[in-house]
Amino acid sequence: MVGNIVGDRFVAVSFGESHGKCIGIVVDGCPAGLPLTESDIQLQLDLRKPGQSIITTQRKEEDKVEIISGVFNGFTTGAPICMVIWNKDLDSRSYELIRTIPRPGHSDYPAMIKYGGFADYRGRGRYSGRLTATLVMAGAIAQKLLDYCLGIQTTAYTIEIGGIRAKNLTLEEIKKNRYTNEVRCPDMQSAEYMRSAIMEARKDGDSLGGVVECISTGLPIGLGEPIFGSIESDLSKALFSIPAVKAIEFGSGFDGSKRRGSENNDLYIKVGDKIVTKTNNSGGILGGLSNSMPIVIRIAFKPAASIAKTQKTIDVSNGSETKLNVPGRHDPCVVPRAPPIVESVVSMVLVDHAIRAGFIPLVLKR
Amino acid sequence: MVGNIVGDRFVAVSFGESHGKCIGIVVDGCPAGLPLTESDIQLQLDLRKPGQSIITTQRKEEDKVEIISGVFNGFTTGAPICMVIWNKDLDSRSYELIRTIPRPGHSDYPAMIKYGGFADYRGRGRYSGRLTATLVMAGAIAQKLLDYCLGIQTTAYTIEIGGIRAKNLTLEEIKKNRYTNEVRCPDMQSAEYMRSAIMEARKDGDSLGGVVECISTGLPIGLGEPIFGSIESDLSKALFSIPAVKAIEFGSGFDGSKRRGSENNDLYIKVGDKIVTKTNNSGGILGGLSNSMPIVIRIAFKPAASIAKTQKTIDVSNGSETKLNVPGRHDPCVVPRAPPIVESVVSMVLVDHAIRAGFIPLVLKR
Amino acid sequence: MVGNIVGDRFVAVSFGESHGKCIGIVVDGCPAGLPLTESDIQLQLDLRKPGQSIITTQRKEEDKVEIISGVFNGFTTGAPICMVIWNKDLDSRSYELIRTIPRPGHSDYPAMIKYGGFADYRGRGRYSGRLTATLVMAGAIAQKLLDYCLGIQTTAYTIEIGGIRAKNLTLEEIKKNRYTNEVRCPDMQSAEYMRSAIMEARKDGDSLGGVVECISTGLPIGLGEPIFGSIESDLSKALFSIPAVKAIEFGSGFDGSKRRGSENNDLYIKVGDKIVTKTNNSGGILGGLSNSMPIVIRIAFKPAASIAKTQKTIDVSNGSETKLNVPGRHDPCVVPRAPPIVESVVSMVLVDHAIRAGFIPLVLKR
Amino acid sequence: MVGNIVGDRFVAVSFGESHGKCIGIVVDGCPAGLPLTESDIQLQLDLRKPGQSIITTQRKEEDKVEIISGVFNGFTTGAPICMVIWNKDLDSRSYELIRTIPRPGHSDYPAMIKYGGFADYRGRGRYSGRLTATLVMAGAIAQKLLDYCLGIQTTAYTIEIGGIRAKNLTLEEIKKNRYTNEVRCPDMQSAEYMRSAIMEARKDGDSLGGVVECISTGLPIGLGEPIFGSIESDLSKALFSIPAVKAIEFGSGFDGSKRRGSENNDLYIKVGDKIVTKTNNSGGILGGLSNSMPIVIRIAFKPAASIAKTQKTIDVSNGSETKLNVPGRHDPCVVPRAPPIVESVVSMVLVDHAIRAGFIPLVLKR
């Protein structure tokens, strides 16, 4: 399937450009009968919105969602749900510069070649981080559907920024604290350090990367379709659609690959009547299938490519070496805005597999 | 699409069970006119084959490929290519035990529930590492096609086992040395340490994990389809279909997320007439598109779940706690056998995107 | 793939409801570099528009297309093209009646059950003939692309209404005359009879069906992918997405099935340097592949289900028998509005296969 | 998706060549727990087998199916089911002739061009009618699954050959009589005439076409996904994958398009507690959705292209006009062998939609 479409039974189709008329997404396959309003979606969108604090970009976007199909009398109808954000507060002049001068670390150069110069370069067009708002719109529906039907909840938060790692906390602590600070890190002490590091990078005209951890609970056993449709396969495919993501690990991940099998295997035990594992190094996934333990994913974001510092590059129009100060307003660190995006993408995949596996019917009970 | 099918224009369909009649794969979408014989495929298969050294499983599989469709007079015809390995040397008795007693770290428990007890449990059925041979068969065609049409070459090797990390080497050194030792590590000194670590783990009835690095060169600019069809998305989706893979990173990956933007951005420079980047922290991928630099991926494998040590588990038939000595013959470390599998999977994705983007025609020139 | 999406490399995603905010369609996979304006699309839309003559519905729709993504500086960019018609002139009150009383011949009853009463029933929601405007929008792009790149032209016209069959005409005559009359039949004499028949049916509160013929010329050899992707398979799949279509035939079709092989086979001859067939009973398709002769399809439309006559039906809310006068304004015959829809759908399929087969590149030359 | 794959949740992947090692098909998505043996499939295959009577080809094929994956202990496992027929009784010499001389009415010419001469031309390779045996294998599983889970039954029979039309019979009569004669027509008198017509055509070195009618009963309401996934769309797509099919109609079809709405609309009535329609001109499908009435399809087969009569054609190797006597053994009429093929294809589509709509679970009850 073409690249702007993802999913099989819960499908999302992305469209729109950063500085065009709008950005939007169509969700097809959402069951009929889910109570849904624009507020359900706006709530998630507001968590991603820029301009919320001094550590993120100062671009003021309203990011107000409009549902233009698929919802009737407050319920989803089973028809495609098209959601749109109309663009405002646009100043595209600064992008004229980069039509032929690719910014290091950005998609500019390969996109220039791939689309023969026809692509909308204003605000990076399709490649803008702004497009992640469409993922959040689709994901908000997915999240609500998973919770409404199965009690599945997905929680993402900042676990690391600029090499500063949060200490381990319980899921309860994470849920309670993550939105109490600008960096969305539930470990308050680390959050403070992260904030300082971002401020410092910003002062230097530089940027920082980091890691988001995402935990999904309440899953039934058996989501996922081996071999190529493993739940890890589809989760990672969707997560790599988020700009700046460069690495993903499930459960003990890279660390687990340094251990011995006897240390990394999760032993089965009973807690009450339920079979669970004593540890969760598998991150809730065995053989590509959910095993009912929490799905735990860590997603690494590279430092934002747009920095104020002068960088060497090439003017593609004449092949000459040149220097560039990246224009526009940018985040010194995108990680604090990433948790709602990660939750959205993970939820889209989980709900797709839940429908495929028959855990969610096509018409919900009233 | 159902889980046993992957790809869009170069499609692979997996079938077969570890202890059934056969394992096999159908490749649809291979252009007509590629010279292809069973030896092309056997060569790759032999690199994956177990029983090659004392550090891998002693199961002796012939793993002899038979092409049963799609090739005529020594060339591919444009029709689906079905390849089969007929199973031999099977002893399924030991698996009776695990029908109701799931082995820690394996797919046994979720698969048991998902398929209601109907799945072929012998030799782990569809979940056996043995199925990776089918990936190698499809991948061998992909690799040949990429090299034949575009000069794209993909090289995977062991970069880490049991926490022992190989030192950095040039691609030439990697190509020259990787198959000179049992662990497929081109750093000879580290290879020796890795070998010892495996032997030690084996002696303890335990297992080790590790990391494979994969490098693809010769790529055109612009493979990949944003947003959901980014080349990272499709590569990671396919790579997570390999059993035991738990983490993936492109370029500087997790490490890059600890750096500043000014350190991680790859500056554009000219080498002769060609625009390249000075460093390759992006791993050859920007905005989900290949940028003509080598694609660099690291894939983490967890330590093999099958260990000789006694482990606690539950007998699902009656809910009682029990202990298990995993039966069967197993690899103390699967990493040395993984490089040809990784190369195969990466090549399948690259060739699919090369066809989609029009870099490979549907009929090759004679 | 879910039902509102069609195509593989030129993909259309339909959304919107007849009496909702809008109807729309996203086209993904359109190559970059096609000159495209809203007028290109409006031109085709205007041909489908109701309220054009006394023999079609009097509903006055503006049907004004708005492109909200994917076009920049007058050219397609390679990004998804989202097109919308904002709904106006809506009076949904009459549809309250049919919430529980299904109209004979309509989708009301199965849709009621399938969506558990959640579907938007106003103006028939997703099932409205009005949604065919979205097909025309996507098809207008496909038609332009085919003509621009390959000189492929598709011409549909009314060949039969109410059993009145047009006489055989040349393609030139068809092109010249089809839009000179309200029924879009190039045989002027038959057109007059058809018009009278429609007027008579209308007077009786009744409706008529008919047949559209569609001819595509300029095709390369080899569009289509056997077995399941035969060009006939994909054309018929797309054509049956048009409401009221109940039968399709290629070339000599049903008639050909009454002939002997020696009468129906098309003999190969040379015309100049070109190999052609003497007759075209195959309708330009052999073995599911285009053979460069014109593709000829005939599509049968049932008489419009909405008639003024009183009809027996059941009130599903209480199971009682009842009588119904179908509310709303309707076409006594939909066939005259069908040719642009048929052309659109056929073009969407042809362009998809032309891209798949490499006949159209992903970036067009300036 | 590439052309040799069909379906979404019940997927079939065709492979193999007429005169290669084998023909085969993989079915992915079949739920676990269906009792299945090779006899279930052989039974259907035997109905399609040639060489059964003097009116079909004398090629003696054993057509013995072998299941090589996906079935364990007599039940489907949820894994892909690969089925193969190993080819025997092959004499490919006569096909050397047609490497450059295309037979009128066959795929030879476009296939020659499309695959650049690399295709396996022996016995027409992938384009052979013999490949329909693979459809029957996949369809046999679909038919059993539909009957086992939902009581859906599909019955196809010859309704017309050479213009001779069977009279209308009840479904009971059809089921009772259709296999009592060589032409598979339940109207015994017409069957006799059809047989004579075939014998006469055969004597003249000619061939006949005809029409198969297919009736499916026991359907739930709501199979089908508008717009592009209408049940008519997917049925017609799959049916046009059968060689020689050139037209399809549902319910009153072409005939209905000549009627008035008041004649063609099916009125709702109650029979006991059930809402049904008085007539079934819709062929059980409204708005692309099954309405619980029998699905009625008529499929037109062109007269077999291979005839003994000398025909004019072109030698493509040198562009010269030539004459051809089609070599090989062929059916003077393929229609009598078509009913099991049609049933298979229809069942594959119905079961796919039944799974999508949640009417069949992924694990069947024991």
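Note that the chains are named A, B, C and D in the order they appear, and that numbering of residues resets to 1 at the start of each chain.
Everything that follows uses one rule, which is that a residue touches a chain if its C-beta (ideal position, glycine included) is under 8 Å from a C-beta of that chain, and two chains touch if they have at least 3 such contacts.
Just so it is clear, the model here is predicted, and its values are computed rather than measured.
Of all chains in the assembly, those touching chain A and also chain D are B, C. Chain pair with the larger contact count among B-C and C-D is C-D, by C-beta pairs in contact.
Note: centroid distance chain C to chain D, computed from Cα atoms, is 26 Å. Chain D has its Cα centroid 39 Å from the Cα centroid of chain B.
Computed centre separation for the pair chain B/chain C is 46 angstrom, with centres defined by C-alpha atoms. Touching of two or more other chains is recorded for residues 1-5, 8-9, 14, 114, 126, 357, 362 of chain B.
On the chain A side of its complex with chain B, the touching residues are 1-6, 8, 12, 14, 102, 104-111, 113-114, 126-127, 131, 160, 162-163, 201, 204, 206-211, 221-222, 224-230, 232-234, 236-238, 240-241, 243, 245-254, 256-270, 273, 275, 277-278, 281-283, 286-292, 300-307, 309, 311-314, 316, 319, 321, 357.
By the touch rule above, chain A contacts chain D in their complex via residues 8-9, 356-358, 361-362. Only residues 1-5, 8-9, 11, 13-17, 20-24, 26, 28-29, 32-33, 68-70, 72, 75-82, 84, 114-116, 118-120, 125-126, 362-364, 366 of chain B touch chain D when the two sit together in their complex.
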